[in-house]
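Each of the two complexes below includes chain A, the first together with chain B, the second together with chain C.
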Partner chain A sequence: MGHRLVDLALLIQTIANSIVAGSIYAVIAVGLAMAFGVMKMANFAHGEFFMAGAYVVYVFYALLGWPFPIAVLMAVPIVGAMGIITERLIFRPTRSNVLAGFMATAGLAFILQVLVGQAWGVGLMRSVPTPYMGAADILGAKIGWQRVLVVPVAIVMLSCLWYFLFKVKYGKALRACAQDPDTARLQGIGINKMTMLAMGISGASAGLAGALMAPIHPVTPYMGHGVILTAFIVVVMGGMESIAGAVLAAVLLGFIHTFVTTLSDAVTAQMVGVACMAIILIVRPEGLLGRVKA
Partner chain B sequence: MLKLDNMVAHYGTVAAVKGITIEIEENEIVTLIGSNGAGKTTTLRAISGLHHPTSGRIDFEGEQIDQLMPEEINARGIAMVPEGRRVFPQMTVLENLEMGAYLRKDTAKMKADLDEIYEHFPILLERRKQLAGTMSGGQQQMVAMARALMSGPKLLLLDEPSLGLSPIMTQEIAKIIKELHAKGRTIMLVEQNARMALRLAKHAYVMEIGKVAFSGLAEDLRHDTKIQETYLGA
Partner chain C sequence: MSIPNWKPLFLLAVVIAVGCAIPFMVRAYTIEIFILFMINLILVCSYRIPATTGDWSLSHVVLMGVGAYTTALLSKWFDLTIFLTVPLSAVVAGIVGFIMVTPLIRTRGFGFFIASFALGELIRLIWIKFRYPFGGPRGMIGIPNGELGSIDFFEPMPYYYFVMAVALICLIIMYRIDQSRIGKTFTALYTDEGLAESVGIDVPRYRALAFGLGAFFAGIAGALLAHRLGAVDPKNFDVTTMVYLIIWIVVGGTTTFWGPIMGLILMTFIFEWSRPLLEWRPLLFGGTLIFFLVFLPGGLDDLFFKIRNKIMARKSGAGVSDVAS
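Coming up: the complex of A and B.
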């Protein structure tokens, strides 16, 4: 009897962790999918936007002692602005040349890592104290409040994004640009404003994810590496430009990673994740919710 | 209203348009016909700002527009229905129409225009919540034309509206073009279907490998034996 209870607790624990991981993957991946959708260019510095969000919390909360929620909210405009600056300085000049854009964003990733390393040091991870101690007790499973918090924030953020894309004129214009940029321009939709908007949202969401994760994820200049790999797997699985596909694939991958990690280890989990992506690409090359180009 | 003066346009090093001069007066339909690769689409892309000419100039209402961006040209009152319709496939019919009116601020007039557009295209009212990508080719052509009209354009550019449509649908589109003209619209019609185009237009330009080979009243060209042999299959 006691044994079964422990198993049940472990199962609930793993499911809860999967939902937390899926939520954070979703917030990171929708930004990447949106930037790709509008610009048809992959931002290899997206993981560094996540890292920047974590450092915003480190600086404002851990170093300066501001309240944690304010520090998290600070990450949204700060990293959003980084996205806009990236669009202006890197994506726009290289829009006609995919390879140059790839090189430039990959270069930006390294530059951001070095800058952050110079400013706050490499080596040991930065310590961000946990603002919300204690854990929720669900049928014997304990989930730290700090993790639980991720889920509602992700849901609110994704709902706002959905509302913007489907109910607000500028959001609809953003979808139009992703579906057919030339035709969008023929309707008078300024492509430069739209790419700026897309990169602003993209940066803001990555920054938010990093900020939320700062107390529960090792904060180092290189924390973007693992994140960018996961985000790309999610986006490829979901269908490169599909926001809904990215959310679906994020939750799916959250479950896959967490369950395999619990049953085996994290390295195997990464391998299984990549294998799932490969299988989806073979069976459904356009991704789960992607569409075939006419 | 619109004047192309010795306009040249290249794709890479290949000249697609080798110096053409075309003029469009207000309230008339002008057609540009010719076979595949004659440079018709490139000409329209240049007018709409999607492709900048290498030399020569384009003036609209007395102002040079050939260096402007497509979004700026739309703002000046030129709307284009691109070749292959190019509806936003994952957006509803109504959302497509809203995008056509993207730059407009006059909400009341917009509403009136939408009602008028639904009169021309009643099927779009019925299907306003359907995703545009799931409609038939002819219906997508209607969405694309209605979307362009939603900007309240002074000049409407139509690139091959009959392409890939059934004869009945082609007639339907021709009827709508005639109705739009009757309401005072200025239209530039690019077509491979020369028979339809010459019946609708007042003036016609025939393009061959990047140049205007013939031009004149559509009525005259329709009865020209050379045109008949080459373009009307008579």
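Coming up: the complex of A and C.
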């Protein structure tokens, strides 16, 4: 298969797949980076939030027969609320210790997997029918509409987030809190409110990503496993707290993963991703776009 | 003036006596549980060595896996006896640990935690990627159980005694390390890295030493496990297994040598008791982890310490009030 990359159609196909993968990584990783930026909340259960989003679509769309866009929109507040609860019950009491919060959310990941498995079964994957059949034909490359859909949704979501962070008062407060919590507090910004907001947005974005991917990703209680690794690679490459860095790294990793998978295989792609993460952490711990701490 | 230190020796004699008696009192299946327990005992204590320097890693079970894979390769290809595979696996795991920690030294705390995860995952993916010689995603099978003369270690009883002997030796060595100057240095550089550096402690070297030592003993645990199971599987050394190890450590605490051991004992009991609730077990363990991190961040170790202090304070407090009255 590898030799045929000279084939134009395959090249375009791979590029298109890379863009789709990059968009979905971006939506997932932005939430993780945001939570880490505000009060260093490292959420191991982020992959399970993604899984929860997919199950919301499974329940509302595949089981109850609601329209697909509404089911996706339902995932945003539901998983966002899960993020807020996690902040209140886990991150707030462990605020003094980053590692403790991270390990505690690993426990949360176990809990969510069991609950979802018990509610809807562990064995076979849940099938979510594809709402948008057919494929787009771009210069001979075929991409399913369901995949194409991911790209504009990601762009809209990231634009909304950007608008919120830079133009809305609460968003500015959130950034202030990320830059310097103590000074932010002096300005009358409630830190607890901001951490809840950050985890709410973080959960909502993971839920949105999971909901979008539900028809094209095998829906199982353990689907968060692969996601969390990728999300952490992206966030580490981007510089842990930098949202712009996370987006850049997501697109980069989307291309790396897709191209290596096409040229070689998925395991090699994982290895390259993990190696990138290790190299960045060791050589440039502040990431691609991260600021060096004073 | 030297008082003969009979207390630990007495304790050791009791442990050995009870340990020797156990296989005669329980069923064969329970012996298997005890074998696994002792392997895990080596593992938790080895995790504590780098943890005392503040380096919590997410790659420890992978290093255990390095020991297991080394054993598998050595005994299948070179037909080495178990008395050679176990120490050689430890050495290989120790060397791999040293190689891994050399770049990791540059990171600290959370960075160390996830960077160690990345490097560990890289090793695990190598096992999955290369069918030859690591067996690919399905791992390797047909590892001999080992033997001593005519005694076959496939039988639980002889293997139990073998593991007990190895575990005792490892634990005594690790205890001696913990009590030694090196052990104190590890704790010192966690308590105050700047101060430790200023009194002339080569911090990176000691951190690397702690990680390498931890990897060495994890390799022993892995070798013992591979011989018992007769198989190695890359899935056994993934992050889920690692989280279970973290649960034992967090529940026990790392302040003293006995913390991780207490955590392992408690969680092994809970693990066995929760057998009827098989599907709910991760929830139980996840809940326990959250409970300890939120309410008892120091673990059982710290809890006992606090209780003892309270009792002491009450005693001395009562004494003071007696004098006052």
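Criterion: the second predicted complex is superposed on the first by the 284 of 294 C-alpha atoms of A that agree within 3 Å, B and C clash if a C-alpha of one lies under 4 Å from a C-alpha of the other, contacts with A are read in each partner's own complex, and residues count from 1 in each chain.
Keep this in mind: a contact is a pair of C-beta atoms (placed from the backbone, for glycine too) under 8 Å apart; a residue touches a chain by one contact, two chains touch by 3 or more.
As the structure is a prediction and not an experimental result, all values here were calculated from the model.
Q: Kindly say whether there is room for both chain B and chain C on chain A in the superposition, answering fit or clash.
A: fit
Q: In the superposed arrangement, does A:V156 touch chain B (first), chain C (second), both or neither?
A: After superposing on A, A:V156 lies clear of both chain B and chain C.
Q: On the A-aligned overlay, A:R175 touches which partner chain: chain B = first, chain C = second, or both, or neither?
A: In the superposed model, A:R175 contacts chain B only, not chain C.
Q: Please indicate which partner A:L10 is in contact with in the superposed arrangement: first for chain B, second for chain C, both, or neither.
A: neither
Q: May I ask you to name which of chain B and chain C touches more residues of chain A?
A: Touched residues of chain A are more numerous for C.
Q: Is A:T268 in contact with chain B, with chain C, with both, or with neither (first, second, both, neither)?
A: So A:T268 only meets chain C here.
Q: Kindly classify A:I90 by the partners it touches after superposition: chain B alone (first), chain C alone (second), both, or neither?
A: In the superposition, A:I90 contacts chain C only.
Q: Is A:Q187 touching anything from chain B or chain C once the two structures are fitted on A? First, second, both or neither.
A: First partner only, chain B.
Q: Should A:A119 be classified as contacting the first partner (chain B), the second (chain C), both, or neither?
A: neither
Q: Once superposed, minimum distance in angstrom between C-alpha atoms of chain B and those of chain C?
A: 13
Q: Please give the residue numbers of chain A that touch chain C in the complex, ascending.
A: The contact residues of chain A facing chain C are 40, 42, 89-90, 93-94, 97-104, 106-111, 113-115, 117-118, 122, 225, 229, 232-233, 236, 267-268, 270-271, 274-275, 277-278, 281-282, 285.
Q: What residues on chain A touch chain B, complex-wise?
A: It is residues 169, 172-173, 175-176, 179-180, 182-191, 291, 294 of chain A that touch chain B.
Q: Can you tell me which positions in chain C touch chain A when the two form their complex?
A: 56, 103-104, 106-107, 109-111, 113-115, 117-119, 121-122, 125-126, 128-129, 239, 243, 246-247, 250, 279-280, 282-283, 285-290, 293-294, 297
Q: Which stretch or stretches of chain B touch chain A in the complex?
A: Within the complex, chain B touches chain A at residues 48-50, 69-71, 74-75, 79-80, 82, 86, 88-91, 95, 98-100, 102-103, 133, 147-148, 151.
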